[in-house]
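Have a look at the structure below before the remarks.
Letters are used for the chains, namely A, B, C and D, taken in the order the chains are written, and counting of residues starts over at 1 for each.
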Amino acid sequence: MNPANYLYLSALLFTIGAAGVLIRRNAIVVFMCVELMLNACNLAFVTFSRLHGNLDGQVIAFFTMVVAAAEVVVGLAIIVSIFRSRHSASVDDANLMKL
Amino acid sequence: MSFPLLTVTAVVPAAGAVITAAVPAARKTAAKYTALLFSLATLVLAIVALVRFDPDGDRYQLTESHAWIKDFGLRYELGVDGIAVTLIALTALLIPFVMLAGWHDADPLEDTNRRWRPTQGFFALILLVEAMVVLSFEATDVFLFYIFFEAMLIPMYFLIGGFGDRAHAGGEEEAARQRSYAAVKFLLYNLAGGLIMLAAVIGLYTVTADQLGTGTFSLQEILAARGAGKLDIATDTERWLFLGFFFAFAVKAPLWPLHTWLPNAMGESTAPVAVLITAVVDKVGTFAMLRFCLQLFPDASKWATPVILVLAVISIIYGALLAVGQRDIKRLIAYASVSHFGFIILGIFAMTSQGQSGATLYMVNHGISTAALMLVAGFLITRRGSRLIADFGGVQKVAPVLAGTFLIGGLATLSLPGLAPFVSEFLVLVGTFSRYPVLGIIATLGIVLAALYVLVLYQRTMTGPVKAGIEGMADLKARELLVVAPLIALLLFLGVYPKPITDIVNPSVHHTLSDVHKTDPKPALEAKK
Amino acid sequence: METLIGLLVAAPLLGAGVLLTGGRRLDRTGHLLGTLLSLLSFVFGAVLFVNMLGKDADQRALHSHLFTWVPVDGFQAQVGFQLDQLSMTFVLLITGVGTLIHVYSIGYMAHDERRRRFFGYLNLFLAAMLLLVLADNYFLLYAGWEGVGLASYLLIGFWQHKPSAATAAKKAFIVNRVGDIGLSVAIMLMFTTFGSFAFADVLPKAQDASATQHATVTGIGFMLLLAACGKSAQVPLQSWLGDAMEGPTPVSALIHAATMVTAGVYLITRSGAIFNAAPDAQTAVVTVGAVTLLFGAIVGCAKDDIKKALAGSTMSQIGYMIMAAGLGPIGYVFAIMHLVTHGFFKAGLFLGAGSVMHGMNDEVDMRRYGGLRKYMPITFITFGLGYLAIIGFPGLSGFFSKDKIIEAAYAKGGTEGWILGSAALLGAAITAFYMTRVMLMTFFGEKRWQPDAEGHEPHPHESPSSMTIPMIILAFGSVFAGALFSLNSRFVHWLEPVTGHSEGDSPVSAGTVTAATMVCLVIGVGIAWLMYGRRSVPAVAPRGSLLTRAARRDLLQDDFNHVVLVRGGEHLTRTLVYLDHSLVDGVVNGTAASVGGLSGRLRKLQNGYVRSYAVSMLGGTAVLVAATLLMRAV
Amino acid sequence: MSASLTGTAVHSLWTVAAPADKFPAPHIEYAQLSPVLIVFGIAALGVLVEAFVPRKNRYTAQVAVAAVGLAAAFAATVALAEKGYGTTKAHIAAMGAVAVDGPALFLQGTILLVGLVALFTFAERRLDPRAHGSRVDSFAAQGSAIPGSEQEQAAVRAGFTSTEVFPLLMFAIGGMLVFPAANDLLTLFVALEVFSLPLYILCALARRNRLMSQEAAVKYFLLGAFSSAFLLFGIALLYGYAGTVSYAGIASVVDGTAPMTPALADTTGNDALLLIGLAMVAMGLLFKVGAVPFHMWTPDVYQGAPTPVTGFMASATKVAAFGALLRLLYVVLPGMRWDWRPVMWGVAIVTMLAGAVIAVTQTDVKRLLAYSSIAHAGFILAGVIATTPSGISSVLFYLAAYSFVTLGAFAVVTLVRDAGGEATHLSRWAGLGRRSPLVAAVFAVFLLAFAGIPLTSGFAGKFAVFKAASEGGAMPLVIVGVISSAIAAFFYIRVIVLMFFSEPRPDGPTVAVPSALTSTAIALGVAVTLVLGLAPQYFLDLADKAGVFVR
């Protein structure tokens, strides 16, 4: 089957993720959308690695997962702390600083 | 290497500034005398330079040249021609008087706290300005000039914004507001001009880098290269660069319609600072037109001449008319200066030896006459505690000497024969007339308007019955007389015998004219033959 | 001898310097010092005169070069003197009359605490005036020209505490400045045409210059005329002279009658060569002269203020001179001759007027005089002689000089000659009328004295000898000068080498002219006697005819100035001040404001919502991608 | 591309798939990577310190360790430069992952110095009043505690301080060291995350205004993650285009010198991958430098974060990010200059103008400085666009000059305090010049440097980049540059007016007397500002020498 389709899929996922970031209010969900984007990238990497027939892409995919994991750690920490102090995870409530 | 006279002339006031600023808060008088001492030392050095300068010698003398920032093509190159050395002398001459006149202007009203030391600051800043002005007169490296041309703004800005006179209709609050408005206006106007010029400076570098291999700002190098035909700036480029430079200088000068910062700045600042602005700092602008615009971009200068001349004539008439319409003594003098700067620029761009020698002479004379008028006005204002003409009247009855000196300053301003400005003004007019008769005649109308605003001012303030608030007014004190008398003496001397200056200036003017390939028009009769 | 010329100017200049900077310690002796130096300068003049008479006619001119004033390439302004017959005439007049007036002022200003300064100004005036007539080039002349302007400014406004005086002084200076434009432009034209402005270079070349540069030469002529109008109070720049009477009377006598106001005549005569080469300019000159002589005369008829009346007459007399000067070689000599005689009798008249005012605690309204001849006989006699002189009573100086001018006017020939001549005759008649009027209202008829502001009854008395003696001397001058000059036309021969002289061919014989003049004189005096001698003079001026009222207001000339120039000017400046603030400054502040506004609007984008930030990032990326692809596309 | 990819082609790829024995044993030049390794080592050590050293000694230990580490790393960098790794011996290290060359060393040196100075401001403990007898710094007593909660007060009473900030700082610095040196896109991405994640946390740890601080962290984190996702996708596309992520490899593919494989022929047939990839990677970097329209996090984060952190971010992040951007544009895509230059032109212009204009109406010092940093990013971009050697060196110089001014400025901001901590609202700064002329004067110097007044480092830098731009034929950029400088001047001046020409308020803020640490930071800032302003030649030469990328 044509590998290009995987690319289209990854592009689609990436777009969905981006859209989610823009649309969803809940910080956790927003963050999950970012993760989705990252995984879309992974898909692209793997596909390309297959296209080019070298393993770099697949290796990168692993790196990406690690990084994503790290982001989760930091991200959740921050989100949780702000949730505890505000009792809300809505990104729109975090609006003290503007203009 | 010989003794770096020019550097020292600039370093002395700079050092003076540092030392003055370092004087402890309590020792106000000490600080004042230190500053005065250093300014006098500078004066001596300037006079030495004036004497050492040989009118028939090289174009640029007492030159110094060291690398500074190679990458920017910036060299520390100093040198003076007749024009520069004269203006340096003028600057060095005026500063002590400015200080004496402003002796008490910066005394703190009450000892607020030990760390706030306005007096030290005031005198230090004046010396700093002097140092930078002197350097910008000396610099023969375009970039070096630019640096001091810009840096000069900061101390000036603090002088204007920090030390306005205490006489203000609107009370202390309003005074402070007006003052900082004026200061900001001054700074932004000139900064904008300077930044435009910066673009042009960079452009110049690129051009030279393209054509000479290494970019340079050195006036001599550029002139030499052009002389040798190695450097030939494309017409359009040259025009753009010229405009970039000229804009900055026109703001500083100031030329109509870029003049509006001057009345605010001069109106809000104390009289000595006002003198510093109009008599010293602004001269850098007109001087730079003569030295940089004409020498670097001769063709573009000729291309722009018609417009500039028209603007200059507008400045003359416009400034004079507005001076007539003013209610505030200092603003009146400011607009008078606008008119006078019109004359100077007119003389420069008439491109005749009379015009340019006249313009140079005018810079000197205007410096002295405005100083005389403005400083006396300052004494008057501090006495009455108001700048409004309407608050004065009949002063000559109670303070005849003050009134007399004021009148003489005024007569100088309307360029009465026998006083210095007459000579320069007439030279400018003749120089203009011989090439542009119509403009020359229009400009001549300025002398009537000058008479109008000066005499109206004198009549309203000095003559008539003694107004309330004037009765007790004291006549000039010894210190004040010490400020005014020498200036007036100088006005008389230069009015009767300007030869010493013209002799120094003429050769330099010839150089400049030969740069722009202009020669004086022949008298009609000889031309016929 | 040459050095003496310098001293001639130096003496009064020194006086001015010392007196003005000397300070209080000179208050006691200052006036004496001033007078002395003026006298000294007169003595120098006399010495030079005698020395000059010693030489033969064409060797008489003396030159002395002091130093180079302004050397800039082609423009070489020298400070050098030229003393020829013409200058000499003026030197003697200036220093002579000047000295007399110094003496007179000692008495007149005795009670003024600023007398020292007054004498300082007088000396300053002498110096400047001498510089004016001695200069050997137009540039230096210009210096003197403005110098006398300054002196006149200071002296008119001497009583500065009087707003009227201050205003008058300012007006005089500014109107003169207008004239000065003429002079400076003339100098520029000379420089661009002849490459010089020294008499020696310009005047000889004028004739052949007019061949190639006719327009320019004419232009120079007109410009010089403009200058003359300013200084000599000729139409249209005459308005300042009347107000100038605010100055102390000696000033009016010296500056605004005898010397300064005649500078215009000097200028035109001195520049004769140029005018000869520019007929159009000459026509303009005679026109101005003729108009002014009538204008002044008419104004003189209506004024009740004795000094203003005399001022009007001065105007008109100078009109005569200007007209004569405009006639060219026919008239130059007589212009100067009338100038000198006029210097005597008009100074005399003014001093007389001053003496009257002195006696009437500074009352100037003639309607409040009357019958004074008994109280101040010397004044009456001297004034009377001056009166006879000015109306041209046969045998007195005015008779000779004015008569000559009228003849010369006819001698101009053609319709122009007729017009000018008749104008001059008419002027003579009117002169006779208003002078008689002054005479009658002041010295004859019943007393119409009124207490002054403080309510002091006036006690008319003869003035101190320091005042009367000069009056007497001047009276002598006004009686005999004319005859002295005209005797086998001495004066003509004296000036001819400088100005040149030609008889011209008069269509009417000298005799007829004289006869006509006499007739006019009788008519004028007669009418005046009918109006003011027979009838008693009302203490309050009647409304009078339209013309009278116009004449009282200087024929509405001031009103015109006020409406057009002053009001117009005020409006102009006010508008400009407004525009400068709203437009020129407004543009700048506007730019600043608009940047601020833009900033304020852009700020709103920073709304604090993460998601909107993300949108902008996404949008940015999209643009970036699009742009990159586009770049490749094009 | 899709159509051309037939099944057989894919099958053939299977067969050439690299067998395991093709993995070479990694070979690392430890010596040349020493700066990075030292910093990371120290960071790890910091974690251990956190774990085992008793709380009361931690602060001292952490500061000491960090300082020593940074100093050592800097020494190592200098040593490398001395050895000529910056010029002659420049080469690719660590299996092509990291470049050791002039720009890398120069920027690493700068970052290390900045880090050291930042460390001082982190360690400052005299500004805040003693809390229950123990000196406190500007970081939360306990990051995890809810603001204003019982727990937090307990932590304060116990005199807790989050000394974790020091290891975090070190990790961030470590990441920043790698970022501009990264020689393949993977390293680039990892480094980016390595220095970003600690910064996210640091932002959240302010002692005062914790809500704002946390909000800043959230915003920074979400947007950062968002942007790095784009970056990553861009990397993926580039990888797809070139079949490799190493800069050299991509470059060779771009200019067609690479050996053609059928797959490559396939993917390179379509530039869309390349161009879109490029755009997205660029976006990721532009986000970090805070260029419009990716700047919007800057003001909020700068305002909310603890001021020392803001200072560090504002200076070090910019240095690292611009370093990476330079390398990307000059090493990977020189062949595509004509594609990215116009786009960058646009970004630069918008950035300069928007930054300057919006700043005009700011009322908070930290936000003001944030916008000014945006404007400055624009100026630097102008230099980046020059694509000439002088362009590189001018940018390097500008970064060095700018970062110290920024650090100094923010350090001064920490001094002006009132009851609620730092008084950052401009109106509170009125009359500061009267109350404490020295501090005001110093701040004025920094402002003038920002405004680019001659004789300050700001001017030298500005001139350098504008000169480079105009030489690179970008005169319009220079014009826009000077115009926006004029606008920018306005608000710098406004602050000066406020400080010197307006009457001090009776209830105005006090100026805390700092310890030697902050004083050193500020003094250093002033010194660098003046030295680079008056005699920049030496550093310009340095930048010139360092101005060559290894490929």
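Everything that follows uses one rule, which is that a contact is a pair of C-beta atoms (placed from the backbone, for glycine too) under 8 Å apart; a residue touches a chain by one contact, two chains touch by 3 or more.
Computed from a predicted model, the values in this text were never measured in an experiment.
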Chain pair, A-C or A-D, that carries the greater number of C-beta contacts
A-D
Roughly how many whole angstrom separate the Cα centroids of chain A and chain B?
65
Please work out the Cα centroid separation of chain A and chain C, and write it as a whole number of Å.
97
If you average the Cα atoms of chain A and of chain D to get two centres, how far apart are those centres in Å?
24
Which whole number of Å gives the spacing of the CA centres of chain C and chain D?
81
Chain A touches at least 2 other chains through residues 18, 21, 30, 91, 94-98
Going by the contact rule already set, what residues in chain B reach two or more other chains?
188
Can you tell me which residues of chain C touch two or more of the remaining chains?
592, 603, 606, 608, 610, 614
Please list each pair of chains that are touching.
A-C, A-D, B-C, B-D, C-D
Touch list for chain A against partner chain C, complex
18, 21-23, 25, 30, 91-92, 94-99
Mind pulling up the chain D residues that touch chain C in the complex?
218-219, 222-223, 226-227, 230, 271-272, 275-276, 278-280, 282-283, 287, 292-294, 296-297, 299-300, 338-340, 342-343, 346-347, 354, 357-361, 487, 490
Which residues, counting only chain D, touch chain A once they are in their complex?
1-2, 5, 10, 13-14, 16-18, 143-144, 146-147, 186, 189-190, 193, 197, 200-201, 204, 210-212, 214-219, 221-222, 225-226, 229-230, 232-233, 235-237, 239-240, 243-245, 261, 263-264, 266-267, 299-300, 303-304
Which residues, counting only chain C, touch chain A once they are in their complex?
603-604, 606-611, 614-615, 618
In their shared complex, chain B is touched by residues of chain C numbered 20, 67-75, 139, 142-143, 145-147, 150, 153, 157, 160-163, 165-167, 169-170, 173-174, 177-178, 180-181, 184-185, 187-188, 191-196, 205, 209, 212-213, 216, 569, 572-574, 576-577, 580, 584-585, 587-588, 592
